[in-house]
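Got a structure for you, questions after.
In order of appearance the chains are A, B, C, D, E and F, and numbering begins at 1 in each one.
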């Protein structure tokens, strides 16, 4: 059972209700799931985490919504977070994931874990040609145009 | 340094060369990267792991190649497998991943880890409505048509 | 080597410079460390992650600064993040951690890992008396005073 | 509850039944456990994973069956996979593991986790004398006898 | 359900009772929680693990008791050990942790996980200035005063 | 580089020398490897950890020495502890592990990771018949013979 009380709408402060309202509006639902009700124990945390979730997972970006859900789900499976696997498999299904794809997805997660351990266990070093190559310069406060930024 | 010698083509057995040839043909390259050269110490393992990689990651399937690479990469980042992050970021770039998307990808991995731990730390239980619902029957050997399969 | 170029001040956009300036001002330094220079490849991500770090780790709160660093460090050791262990051990030392305490800290991390695995391996279930006890109610949009909030 | 329906014999396709038959024959049982019934949602995955399990865990090899089960179990405990701990402790008991040995096994897993974290937290580097030493040559397609293999 | 029988006082050997007695005396309670009753299956293990727990967690040291519990808890959350999260959150509450602090604690654990993955995924290398700097000498058996210790 | 200075024999306190001496005697060597030299920064920790290592890994027990090393190594690979993989692969080789067995070992570790994630990702529940079955009684201080132990 959750370590903190799951807050209901009628018990919520104005600050918490504002987040709940935004979640419901953004997700077009009148249901608030357990994690948000738990985070409400600490309203600034609730606001911050929802803010990140909205920016990163909801706002349109270069990666499509299903891919984003699958990346999130891959991490959740790897960490064996039951809550997260349950809720993000549910979310991924809404974006079109069916049973065959779910099995395919999990086989990739499984294979990556296998490949990771083979490589780690045999201590194989990365091939030079695959390493990123950048001409990293040491940190400098110098501004373009040669003027050094004044120290604060 | 790798725990086993990285096999070169001229040292490879016929069995190993067959796999190396198939890797080069499948990937349209004449370069074999370190992991395969290390696995060659145990030819049946080399053959099995390449077989899986080819089936799961190379063969066309419902998930597109970039998504598959990103799922593989998400696991590799989560496990902090340097070899795997290096080689699969390289592979994902070949499928169109640019720096902005790579940063976006890593932010999803980071956010999922954050969300996972908030949920695990507060011991929040999955909402009933998100759980998969199946009418699981106990295992039975009965065949369709009511005939029980003969025991082996 | 980092997957993205480490941005320098003279190459930084106005948006990135604003974050760099805030980091330097907040931390009373004229040095920007590598992670921030890497995140600058995606300015909104840089801004978000610095914002969280500032809110959670810098802003005074109920937990004291050294305790907060040690919690952060415990996670970093557990995940074997070399960069993070290096930089947060450095930070913890600034808050008073000495070699004896660092060894003590790591022994707790080690012991917790040992205890976790003994428990997980033997599949020991939590004692009823230690479980959190709350009278969780199902989610309801009803407002205090009995009026149901209008659906969005 | 499992994300996919657990397939029963009478619902299984010919391809799935062939794997179920081979599992029962190999293990000398008429019971199919839940993981195989779940993987049956994606028959080629079922076939691949069973094929690996049979090759790696069932087929006689240099490591004895109990040792193999304990390696598998050590990973499962480390990943806190409840299903896997349950089924592979069961399997290890069949190969002679008793309660005292199970406790001894878990103490090794616990100690290794403790030792790992002490080393990681203090960032201790491997002793030169323990590192594998090989004269790794760069990849070359040249065949024994000096003839370069023709490019594909 | 636990893999081994949870031992009760009346079934315990003299050796196990001595540890149970010491736990109850040290913790000022007449209750023995499940993990100790499970470890009793292997009395020397029970004695060792309790000995460590007492030395590391109970004995006064430079770090205060709440900080120690939070370090232990951070690891337990990271490993998703349900038993350990339950019992050590309980313990931390006894040392003054309230709901707001628990949420704050978990946000640090979440943020550290996020920061770790951003750094690992982008393969950012530690800044030279944050690395520990020691003049490590190779191992030598030479005793102070120049006399070499005799080989065993 | 290690966070603490690697202690040499001539710098070591009497307490530390006693442990170093015991390590060298037990292992029949005159070399002390880095982890012990690092732990020497906190002599009681050094003594405790060596004590556990000696009890668990060195002392003859029901599991044979190579199996014990492989269990330790499986955890170390899973945690990607470079130091530990290096030193315990070295130790396992001393107990007879060759390259083929090392590859076989790593394939089991890889397969277990794959199997773990398939099971976790699909949220498959343990089969009833594989679960441990014990008639766990609640904790009771009652002594055999019906006399209740006096409370402390």
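Convention: a residue touches a chain if its C-beta (ideal position, glycine included) is under 8 Å from a C-beta of that chain, and two chains touch if they have at least 3 such contacts.
No experiment lies behind these values; they were computed from the predicted model shown.
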Topological distance between chain C and chain F, in contact steps: 1
Selected interface, D-F versus D-E, where C-beta contact pairs are more numerous: D-F
Classification of the chain A:chain E interface as same or different, half of numbers criterion: different
Distance from the mean Cα position of chain E to that of chain B, given in whole angstrom: 34
Between chain C and chain E, centroid-to-centroid distance (C-alpha), Å: 20
Gap in Å, rounded to a whole number, between the CA centres of chain F and chain B: 29
Chain A-chain C separation of Cα centroids, rounded to whole Å: 14
Touching two or more other chains - residues of chain C: 1-4, 31, 33, 39, 48-49, 52, 73, 78-82, 86, 89, 100, 102-105, 107, 109-111, 113-118, 120-123, 131-132
Residue ranges of chain A touching chain E (in the complex, touch as defined): 3-4, 39, 41-42, 45, 48-49, 79-81, 132
Chain C residues touching chain E - in the complex, by the definition given at the top: 1-4, 31, 33-35, 38-39, 49, 52-53, 56-57, 61-63, 66-68, 70-76, 78-79, 81-84, 86-87, 89-90, 100-101, 104-105, 107-109, 111-127, 129-132
Touch list for chain D against partner chain C, complex: 73, 77-78, 80, 82, 85-86, 102-103, 105-107, 109-111, 113-118, 120-123
Interface residues, chain F side, partner chain B - complex: 80, 89, 99-100, 102-104, 107, 110, 123
Parts of chain C lying in touch with chain A, wherever the complex brings them together: 1-6, 8-11, 21, 24-25, 28, 30-33, 37, 44, 48, 52, 55, 131-137, 139-145, 149, 151-152
